[in-house]
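Okay, so subunit A shows up in both of these, paired with subunit B first and subunit C after.
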Partner chain A sequence: MRTLPFFLICLAVGAVVFGAAVGLGNDYIFFAGYVVLQYVVLSTAWNILGGYCGYVNFGTAAFFALGAYSTVAIYKFISEHDLYRMPMPFLLLIGGAVSAVVGFGMGYLTLRLRGAFFAIATLALAVVLQTLVVNWDYVGGSRGAYVIRPEAFPLIGSYIRYLFLIMLLLAVAALTIARLIERSRLGYGFATIRDDELAAEASGVPTLRLKLIATTISGALMGMAGAPYPYYIGYLQPSSTFGLDYAVNSIAMPLIGGTTSWVGPLIGAILLGSLQQVATVTISSAANLLIVGLLLVDFVIIAPNGIVGLLRDRRTTSAALAEPPLFTLIYIINLLPMYFLMYQGGTAEWIALFFWAFLFFAALARGWAIDRRWLFLFPFFGALAAQAAIAYSSFSLTVISVCIHAVGVLCGLITNRRLADAPN
Partner chain B sequence: MPQTEHQPTSVATASLLEVDGVGKRFGGFVALENISLSVAPGERVGLIGPNGSGKSTLVNCICGTLRNEEGSVRFDGRPIDGLAAHQRTHLGLSRSFQLPRPFASLSLLDNVRIPRLYTVEARAHHSARQIEEHCHGLLREVGLEEKAHHLPRDLTQVEMRKLELARAMAAEPKLLIADEAMAGLTHSEIEDILTLLVRLNEQGVTIILIEHIMRAVMSFSRRLVVLVSGRKIADGPPEAVMRDPEVERAYLGQ
Partner chain C sequence: MIFSFDLLINAIISGLLIGGFYAAVTCGISISFGILDIVNIAHPAFVILGSYIAYIINANFGFDPILTSIVVLPAFYALGAGIYQIYYVAFERRGQESLRGLAFFFGLLFITEVSLVLYFGVDYRYVQAPYIGPTLHVGFIDMPLRMLVPCLVSLLLIACLQLVLTRTFIGRAIMAVAQDQLALRLLAIDPTRIKRIAFGISIATASLAGAFLIIIQPVEPSVGRDYIGRIFAICVLGGMGSLPGAVIAAMLIGVVESLTSTFYGPSWAPAVSFGFLLLTLAVRPAGLLGR
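== the complex of A and B ==
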């Protein structure tokens, strides 16, 4: 598919999403959706450098905050001089330009660094920029800055809808750019940088220039994602704008989705982003980081190449999962959060489904490998019993459900020794 | 007659590669000392020497992977001292690596496509289909066409080396430096690669072969250069060089 049709399809999907959100008639969906879309942009941007080129950037927050703070600076300037308010698309371009320049600079200064050293350098960049902002009184310093969000936007209604729409368009643009890169000479060049820089140079790939292109594009998109943020949040504070959440999430999302194509960050951001929104509302904002952490561990074990990779090579994945240590580990990691979430009640139970799915999946793969295909029944009935225990608030049922799970683990493990000794 | 010195004037005009007084140090260790070497278009040069004699360092200096502190390198009539490795590839100077370094996440076809996209295509544009056909052709030449859509991890050691050569050829070089393309291969596999290199040479590509396997070097080279401890001790027709007492002493032992 060519780029233009892809872009148009993305736009159409975007229009449907916007239409559906308007149809729900609740402005909360725009507040939550904005954050998810913001993460779609951030993780797509991160993936251009981190996924395509293999340079892990821990400084997402720095670029994001640069975009946000350039908006604050412009806002201050305009309100002090009583000028006409600048339209949002211009703010986006300026925030993007500032971050692009810093991205270029970062790329230039860290050219010789690879792997962990590059990651540390980007983390240092975030710290340096945060210190600068904290000491820059004009944009509020450590006190933070207030930005008054206009009430409404003509034709669209409330201003948050407008912000949502802007972010939606930015997400469409980011995905189109990512896909365009993937299919072009640039994408091939990026892949060679990820694989072997020396061989890339010998093949005529100007690795230095390509790395600079990647840091610049990636930085620009992150800055653009940050530019509307002050209007969204209303009160911009350095410690939260430079927070580690952005860095961790924008790495976790592509990793969960898959880093080799544009689909990965999109899937990861939608999945993890909405999960976090639900967890924040139903449990607590601290719980959402816990969930991200656990899911990340799960995905590193089950799908080292993300969901995209999981779908691509199913067979090797289930073979790996059938190994006793992994099977046990998956059980340990997922069982506890599942019970924890189930007892939170309400929507949290739906999040528990995720962890339950991992259990189910592990039992299925293990059962298949050791020829005990009924093994998946244990997590199934275990969860059912736990559900019943909650419904009737009965302690004995809880004990029973735990026992079912325990028996399931034992059945999965004990068979193995005999099979391993038997000749194939 | 070893230590053959070409006439300086004719060398300057006719040679494709001109290495002039190149020296390279790693800390206190002198890896290369005052190496001069000129290669004329269409030549088949063998570069030999014991382990650690500086062969790969010389290749790295010629290809821009390392920077030489002394001396200069001219290629195709122009100095290339300040140029980065990829710029030298653009000029027509290709190399294969001693240990194959394929792009692990890309298919064989894409491995070959990369140098094409970045060198040949940068000069003249072809359609995607033409590029693809050409890459298939290259893989066919080294006998890897059936595995065009496999990843490099599916390849055997020989196939890996063939891929390395195919990738170096994809840039359509004027000079190909094959750094130990045959190490660890069997008799018939060596024969395969030699045939390939000779065919390339007949198509007009100048080739410098770095090799330990004497049988291969002797049958391939029209000229032999010997490095020992970072110095060039002989340069001339293979038979004459092999008879040189200094070469015998240093390289083959007493």
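== the complex of A and C ==
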């Protein structure tokens, strides 16, 4: 498919999404949807550098915050000088330009660094930028800055709908750019850097220039995602804008979805973003981070190529889960929601059930591998006991359920010599 | 003028003391990241775990936090060895350690942190020990014992680690893993086993560092995040895998941060130490005492 038809299809899908959101008639859906779309843009942008080139960027929050703070600076300037309010697309472009310049600079400074050193340098960049913003009184310093969201926007209605629409268009643009890169010479160049930078360089790939292009595009998109944010949140504060949450989410989403194509970040962002919105509203924001952490660990182990690669990898997946250490890890960490979240009731139970499915699957795979097919009964009865413990709020039942799980893990680990794990 | 001289000396001393603590947190990273090339970004989370264990034992039985942490060292060692086994099977053997291994540790960081939040809440916790209140006065120099004790024990710990690494067979094998795994195989040493031991030691140091942390300041689960950047900065600045380098770099960062926050205000301190790091990466990526 060529780029133009793809872009048009994306636009059409975007229009349907917007129409459906308007049709629901509740402004809350726009507030939640905005965050999910913002993550679509951020994870797509991260993936251009992280997924295509293999350079892990921990500084997503820095670029995002640069976009947001350039909007704040412009807002302050305009309200002090009583000028005409600048339309959002211009703010988007300015925020994008600032972040692109910083992205270019970062790429230039860190050219010699590979692998983990690059990741650490981006982390350092984020801290340095945060310190600068905290000490810059014009944009509010550590006190934070208020931005007054206009009441309404002509033709569209409430302002949040307008912000949603802007973010939707930006997401469409980001996906189109990502897909365009993927299918062009640029994308192949990026892939060579990811696979073997030295060999690429030796075969005449201009790795330096390509990396600069990648950091610039990626930075620009992140800055654009941040530019409307002050209008969305109303009160911008450095410690939350530069928070680690943006970094972990923009890494987790592409990894969960799959890093090799534009679909991966999209799927990951929609899945994880909506799950987090549900969890934040119904449980707590701490639970939301637990979900990200668990999904991240589950997916990098079970599905190394993300959801996109799951179908192709299903064989290696079950083989991996049958390994004793991985079986133990998956079993134990996925028990956490059962004991931490179940008490919250409601949605939390569904989320706990979702994670329980992972450990059930691990027990099934391990059971097959060591010829103890009844192994899956342990997570089953353990979960029943845990459920009963909550229903009757009985401590002894909780202990029993923990014991059932412990016996399950032990049965999975202790094998007789005859069937000891064959090397794969 | 004499007043500011006092201030200067005291700022340097307190920087050196906090540097000793930074060194304790960093020596684990120096082993895992510097020697084994495992980007264990979850290290601060294990430090916090160590703090909470020290806190629980101290609050219930009144044990000394440092002694507690020494007693639980084997448990942390086992935890580390287990994590390395998982890491090896899931990532190193598949050859996917760079991106996915990093994400794995990122995930572990959040799981540990949030589990602590959900269980203990976000209240600040602190411990009781005889050396937490008093201050040692030497002339015009003030040395609070709650800073001095962790610093000294931490230096002792690192000296022991350095002795183990340079004098014992296992220690030398650990140093060799970083250089040539094939040569190690030719000596009939299993590199995976050596790496497992090394990673176990690296996590074990987190237990002690956790006790130091909760002695120095009250702890809540997310304070560990402040240290992620700093300890990697120290590790890189000191030179990968060099413990003496890590100590020097930790003291340097401690002094620079302390001077900055004394004379320019605490809000500037992080930028200076990370500016240092960016400069090191740009000018001398091998670090101070790098290979």
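We adopt the following convention: the second predicted complex is superposed on the first by the 353 of 424 C-alpha atoms of A that agree within 3 Å, B and C clash if a C-alpha of one lies under 4 Å from a C-alpha of the other, contacts with A are read in each partner's own complex, and residues count from 1 in each chain.
The rule is simple: a residue touches a chain if its C-beta (ideal position, glycine included) is under 8 Å from a C-beta of that chain, and two chains touch if they have at least 3 such contacts.
Everything numeric here is computed off the predicted structure, so don't read it as measured data.
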| item | value |
| --- | --- |
| Which partner reaches more residues of subunit A (counting touched residues only), subunit B or subunit C | C |
| Touching residues (chain side subunit A, partner subunit C) in the complex | 50, 54, 56, 109-110, 112-113, 115-117, 119-121, 123-128, 130-132, 134-135, 142, 244, 248, 251-252, 255, 259, 286-287, 289-290, 292-297, 300-301, 304, 320, 323, 325-326, 328-329, 333, 336, 340 |
| In the complex with subunit A, residue positions of subunit C that touch it | 33, 37, 39, 82, 85-86, 89-91, 94, 96, 98-100, 102-104, 106-111, 113-115, 117-119, 225, 228-229, 232-233, 236, 267-268, 270-271, 274-275, 277-278, 281-282, 285 |
| Subunit A residues touching subunit B - in the complex, by the definition given at the top | 185, 188-189, 191-192, 194-196, 198-208, 260 |
| Footprint of subunit A on subunit B - complex, ascending | 63-65, 84-87, 89-90, 94-95, 97, 101-106, 110, 113-115, 117-119, 121-122, 167-168, 170-171 |
